[in-house]
Amino acid sequence: MKLHGIFPPLTTPFAGDATLALDRLRENIGKYNRTPLAGYVVIGSTGESVLLSREEIDRVWGVAREAAAGDKILIAGTGVDSTAETIERTNRAAALGYQAALVKTPYYYKSQMTPAAELEHYQRVADAARIPVLVYSVPQFTGLALEADLVARLAEHPNIIGIKESSGNVQRVTEIIHATPPSFQTLVGSATTFYPSLAVGAVGGVLAIANALPELCVELYAAFRAGEAGRARALQHRLLKPTIKCLAEPGIPGLKHAMDCLGYYGGPPRRPFLPLTDAQKREIETTLATVAAATTARS
Amino acid sequence: MKLHGIFPPLTTPFAGDATLALDRLRENIGKYNRTPLAGYVVIGSTGESVLLSREEIDRVWGVAREAAAGDKILIAGTGVDSTAETIERTNRAAALGYQAALVKTPYYYKSQMTPAAELEHYQRVADAARIPVLVYSVPQFTGLALEADLVARLAEHPNIIGIKESSGNVQRVTEIIHATPPSFQTLVGSATTFYPSLAVGAVGGVLAIANALPELCVELYAAFRAGEAGRARALQHRLLKPTIKCLAEPGIPGLKHAMDCLGYYGGPPRRPFLPLTDAQKREIETTLATVAAATTARS
Amino acid sequence: MKLHGIFPPLTTPFAGDATLALDRLRENIGKYNRTPLAGYVVIGSTGESVLLSREEIDRVWGVAREAAAGDKILIAGTGVDSTAETIERTNRAAALGYQAALVKTPYYYKSQMTPAAELEHYQRVADAARIPVLVYSVPQFTGLALEADLVARLAEHPNIIGIKESSGNVQRVTEIIHATPPSFQTLVGSATTFYPSLAVGAVGGVLAIANALPELCVELYAAFRAGEAGRARALQHRLLKPTIKCLAEPGIPGLKHAMDCLGYYGGPPRRPFLPLTDAQKREIETTLATVAAATTARS
Amino acid sequence: MKLHGIFPPLTTPFAGDATLALDRLRENIGKYNRTPLAGYVVIGSTGESVLLSREEIDRVWGVAREAAAGDKILIAGTGVDSTAETIERTNRAAALGYQAALVKTPYYYKSQMTPAAELEHYQRVADAARIPVLVYSVPQFTGLALEADLVARLAEHPNIIGIKESSGNVQRVTEIIHATPPSFQTLVGSATTFYPSLAVGAVGGVLAIANALPELCVELYAAFRAGEAGRARALQHRLLKPTIKCLAEPGIPGLKHAMDCLGYYGGPPRRPFLPLTDAQKREIETTLATVAAATTARS
């Protein structure tokens, strides 16, 4: 299974009363289906996974499965701290038709989550999973990063096919690519270092900002693939501020507001996320206007 | 409600097949009932809370409630990332007879978990909770610490009665005590700084090591209360190595092995915790032998 | 040599044109001589050591030596990154009549400053030094902390007589005291955790805030020594805000302003320190007024 | 002044007795003169700047000045904590014929080294300097990084012409390039992220590993400039392990050993650096053999 290109980790739409708004999810996916996105990650960190009940997760998986076009690869976010529950979630997603599972590192009990513990966790999950596993390292949420030596060990497992590396540390990305065979697929989760990561060998991106700006992400990927270094650099710079101002700083509430501004359904995040202030909203709107202007000017 | 003294955050016993071993929990509590422990925290971090299903948590709460002696204060660990689910868990614990809820900070989406977001989360939980709330700051697991300014704001809420401060940062403990009224109760979660924390005004400890060494913890607390500074210092030093070697370094698997050595049921932890190596077990046993020798020599 | 009690690490007075104001240093020391301070550290971090030339350091050492009363212990701050230069400075201070040297960890090349490198550095310095050596761990400046295992090794050297531990980490202080023989003297550099550190066995403090508030520091030390736990706690709390507001937050410029307010010569810091803003000055003055009020109210 | 291409920050050669070995410096520079290196940084962190006396620094500057070929740009490392001394060193280097000064951030008093303090420090240095200034951010040594907002402010000064950004954080490099005008030159100090940094707009590298492997660094730079993305990626991967195994892990002692292996004079580092163990030396030799093999195989 080739995981090249751009995969947005889908946001989970909520109604004003914080219940699931599954029709809105369907509509968003309908729009994404008409773009060259490679596929979707459903129930990742950006999907507010830790704020959903097990039953809600199943419903989101089900709706996304139905709404996704047939040529889109479907990846389910299934990792939790418990090894057993990660396996249970993974095989539930497999039963629902997902093609791969994105499994974040267990992390709560940090000092004991040694490379040896992570290795054994992933081996057990990969042994038991009925679909291929992508490991997922996201230190900004978990406080714990997978290093290249360990990833090289994980890459030996026949059912572990790649990694989503979200640290934004390009040296680490390079080390992982260096330490793993060409068949092991390294995707990155950081849009602000997407082009540099492609330059050293990453094959794609699971980019939250692609929920709001799928075309820009796809265009950057295409420019890189076409060997147009100058254009790739320019697009990376164009992606920089929106990623910082609509996502990195305001988090998921900001991303959802950007989506609202750009014709998708963003809607409110769940608590404990605070609603955006008016000033935060305006900053997002101003940033998006600049991107639009740059895009228009260019064409 | 006075929360003075020592509260072990109970470990959750599992059988060899990783299912709940509720009889063992009952037996452990039966033994603790005969000590001067002030009460129990049920389903805290030490209880492997993040490795249990909602249904399992209810069963553990139920059994602990039945097994606890009438004079022991019962505190339920109810905090998760979702505000709504934290409220739901808290009121479920209230319905089961728990007297207070220990609510850890939401933390997964770290950059958005600003003091303002934490404040509003806790206010919503405390507004809705049918029992008093203890806030819980445990940066070694969450990567996020509550600072004194925010705790002072939280202390203004009539249903927030105290804090479990587990950072081990004694300056921060002092600042919190300084910034809050005398009615606000500061307990600490770090056994290695328990006496220094009492010295600056903490009223008790929620100490994981008290699962294995309840008498030593109680003795230290009593020495402090009796104004015996030299004895308190000596006991703090006696508690140092067991806490590091049986808990801080090996984590919950180590604590459970120490319990097994000392006549309680520890048993295996759940995955992704690795089982202890023989070398780790021996280090725990050696450390405990030294404590026992010191205790015997003294008496 | 007993290093019990309070040692201010003296600030270095500058005139308005940033040249040394040695008369002012003489005056300050004259005032401190009339207090029960145990001695002085000359050319520590608080003395803006890294902003002085070698020749200036010699002049400061010389003047302080002359001005200090005969019963005050004189400690020279002599540690720099280079082992050879540390030895040279140490023996220069010895020649000028200093009784001990405070030697901070080399730290610039952090990844190579392993425990083995620190050990050998200190052994070479202690071998060559004509006066006893106090090791000095100050991670807030150096990014590097000495842990108890290494300090235990250092304590075996006959010419290493103690440590100034400035991390403010009371568990670490406890571990160091636990790991070293009673003859090894642990002083702390953190005024906000001074009483808790004494409670676990520290024998004194090298406290920057003692430049401005020597009596309060001495009083806290005396209360502890007299076994007056309640009074020690109250004094620790009284010391908390001045230390944070006059020192931890504004740094040496703040401390110098506090000294100016309290009858000592503080004067301007050297660049790159910025001069205090008016708002910063007012906050210091307000804080000091509160301490004075508390002190008056009490007497 | 164009600072494009590769600048090694020269190591400082010492004899067996730790005195300066200036002839060896002359010989090394003689060899570098015959490569397409763009110039030299003399007395940077890699030059063991903090282990040299002022008088030694002048001698090294003088010899390097004489030995350097006329087409090589000469940059002096002149930054220390004191603003006044930084100016003095900078103008001393100017008087000796250096064309630019590399000025690292003051950092010892970290909490006070705010963006405002750094801004004023650099403005004062740039105002007084008789040669252009490159700012230098190297958080692995200083614990303090310059962020893009501040660099944009610094770039407004007519005498500040660029930055050496050594954090290895490619997002930060991108942000700096994004925030500064095209005339402001961003060089990076991290060889492990050199190609990704060039890809987003960096113009050159001040690369310590270029002391040992100047050709490989130059070749990577040339491949990038020629638009050969595949070759640049391959060369970046070839540079990865030598940089980690000969420099990042063993530090300057490792780099010097690699130089000894490759026909340059490395020699011993000064204390407190420990000499390499035999195992460390072998790892460096093995790593270099692999690079040589790869290079030979290719040609």
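For reference, chains read A, B, C and D in written order, and residue numbers begin at 1 within each chain.
Here is the rule we go by: a residue touches a chain if its C-beta (ideal position, glycine included) is under 8 Å from a C-beta of that chain, and two chains touch if they have at least 3 such contacts.
Just so it is clear, the structure is predicted and the values come from calculations on it, not from any experiment.
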Checklist entry - By the touch rule set out at the top, what is the minimum number of steps from subunit A to subunit C? => result 2
Next on the checklist: Looking only at residue numbers at the subunit C/subunit D interface, is the share used by both copies over half or under half? Answer same or different.
Outcome noted: same
Checklist outcome for this item: Cα centre of subunit A to Cα centre of subunit B, whole Å, reads 35
Checklist entry - Tell me, which residues of subunit B touch at least two other chains? => result none
Item to check | Complete list of chain pairs which touch one another | outcome: A-B, A-D, B-C, C-D
Item to check | Complex contacts: residues of subunit B adjacent to subunit C | outcome: 168-171, 174-175, 177-178, 190, 192-193, 195-197, 199-201, 227, 229, 232-233, 236-237, 240-241, 244
Item to check | Residues on subunit C engaged by subunit D in the complex (per definition of touch) | outcome: 18, 45, 50-53, 80-85, 106, 108-114, 116-118, 120-121, 124, 140-141, 143, 248-253, 270-274
